[in-house]
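Each of the next two complexes has chain A plus one other chain: chain B in the first, chain C in the second.
Let's turn to the complex of A and B:
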């Protein structure tokens, strides 16, 4: 599970265990910014991608935003190669995003679908769940390719 | 708008509350508040956490089977809006709620009944045995109204007999 990364830590301090534990076990999830490594969930050939710019947003990109990224890891024969600069749409973000009915959604990891400059996905399949925030952002093609819409 | 159930504690989640967590295998977990969310992150099993409905139902502390639960089944078909139906539904919701809560409290009362009877029996026994802590036996012997009718016959005889050697 994503949120348990910091659970197992030794606390030598004498302060109360409860407060220290609760502070450290809650990972504060933030925006997707420069140097954030994201998983690629389509079959475009890339595996991992590092964000170099979040278009729109001073603090960073969130669920449904587009980013510019550099391919760090790729499958040997794929449409994109390592080192290429690509655009991507964030389809899963660990940071919660508010929905219009007031609730919040969060996913397990940070994932991106590579698109071209016009916003059309490069790959032909999308893996894992995607949020329906994409409909509002006009990424309908990704929604049609998705197997599951959260 | 749909009222969901919290995955951990099974309480209703009203719109605007709570967090929805989507796992990569597309399972959706809804939590009513951060308490449930944090317990989930700790990987606690709600069936073992005493304050959740899951635990209570599993151990039979709360009502599990009732016809009023049929009304709350999830229906995936959207209904065409009809004013009369909506009005009747709202009235019915109130009534069904009341019936369900009455039945649930009856269930709990019945469950606790045996304990109550046991406690009353023990209290009566203690009263018989330890009445001397409250009132002196001599006073009890003189003022017969303080006796429980049951022990009135037995005790008065033996106590007066016992007291005489004690005082002497």
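Let's turn to the complex of A and C:
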């Protein structure tokens, strides 16, 4: 929390005290990059994966992008095992993403759905809400497996 | 009655398909019968979307796809009205189903300056191809993928799942803990 790196709190004027409070209470969320741990929200067997490469984007992956990840934690009898390198589609991201009507959407956690190299989902069900952006990004398969669409 | 059905079809997003069970049966049994009466109105109703339901059915029967199932999901989700699931006998057959649907869309839009094609996902592998044409989404799977993903179970069970929750909340009865203490019961004076 102390690493926000702005010196607004040192300003004595009262007008900036309100902005100083709002800056400290909200975190600046950023892209999903190497070493980001994400939750897996399908029934493929994995529980947590760590991103090792964001396929598109120099700074990192956002909502709806594909990443390469390594499985860090898995259920004992699942389709993927710990240590396997898998592809995944980001379905929930803490970083806000702008929609075409000007609104922004952001979630509380970072979640991913595992897919194979051709884009076929490995699991058969997706839990939790998924955003509409997946339709534009050609991930209609994940939308059909999902129960709740944000 | 035909006018009512036609108006319901022209505005699929506005209505919530109150008698979906009534419509569901004719699709599987005698949809071709409805097809002929709709032919006069199909010209105006199908120009709004890329592919309409009757055209999808016709193309799938031409390609000889197995086990065509139509699920009305308009009441469950707002981004699609119908899901059509078809099975192909081999991966080549599945790819052929997708190609036939795209060909149909191209034929419909002959003479237009710009072609609006439906988005197709999964075209390289013949396992599961999704053709997204607006309100109607067509899934072409092969046998193994169909049993693996079990899409019908997912989309027909959704409406049933919401009802039992209300019964559960009514069924909550306050349960008193069993008093196993050996102390004599205190009498309040």
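Note that the second predicted complex is superposed on the first by the 127 of 150 C-alpha atoms of A that agree within 3 Å, B and C clash if a C-alpha of one lies under 4 Å from a C-alpha of the other, contacts with A are read in each partner's own complex, and residues count from 1 in each chain.
The criterion applied here is as follows: a contact is a pair of C-beta atoms (placed from the backbone, for glycine too) under 8 Å apart; a residue touches a chain by one contact, two chains touch by 3 or more.
Note that the coordinates shown come from a computational prediction; the quantities given were computed from them, not determined experimentally.
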(message) Looking at A:118 after the superposition, I want to know if it touches chain B, chain C, both of them or none. Which is it: first, second, both, neither?
(response) second
(message) One more residue to check, A:102. First (chain B), second (chain C), both or neither?
(response) first
(request) Going by the touch definition up top, name the partner, chain B or chain C, that contacts more of chain A. (result) B
(request) Using the superposition on chain A described above, determine whether A:132 touches chain B (first), chain C (second), both, or neither. (result) second
(request) Report for A:141: first if it touches chain B alone, second if chain C alone, otherwise both or neither. (result) second
(request) For A:150, decide between first (touching chain B), second (touching chain C), both and neither. (result) first
(message) By the touch definition above, which chain A residues appear in both interfaces, chain B in one complex and chain C in the other?
(response) 147
(message) Which stretch or stretches of chain C touch chain A in the complex?
(response) 77, 79, 83, 119, 121-122, 124-125, 127-128, 130, 132, 137, 139, 148-151, 154-155, 158
(request) Enumerate the contact residues on chain B facing chain A in the complex. (result) 1, 13, 15-24, 26, 28, 38, 41-43
(message) Using the touch definition from the top, list the residues of chain A that touch chain B in their complex.
(response) 1, 3-4, 7, 22, 25-26, 92, 96, 101-109, 128-129, 131, 147-148, 150
(message) Residue numbers of chain A touching chain C in their complex, please.
(response) 118-120, 124-125, 132, 135, 138-141, 143-145, 147, 149
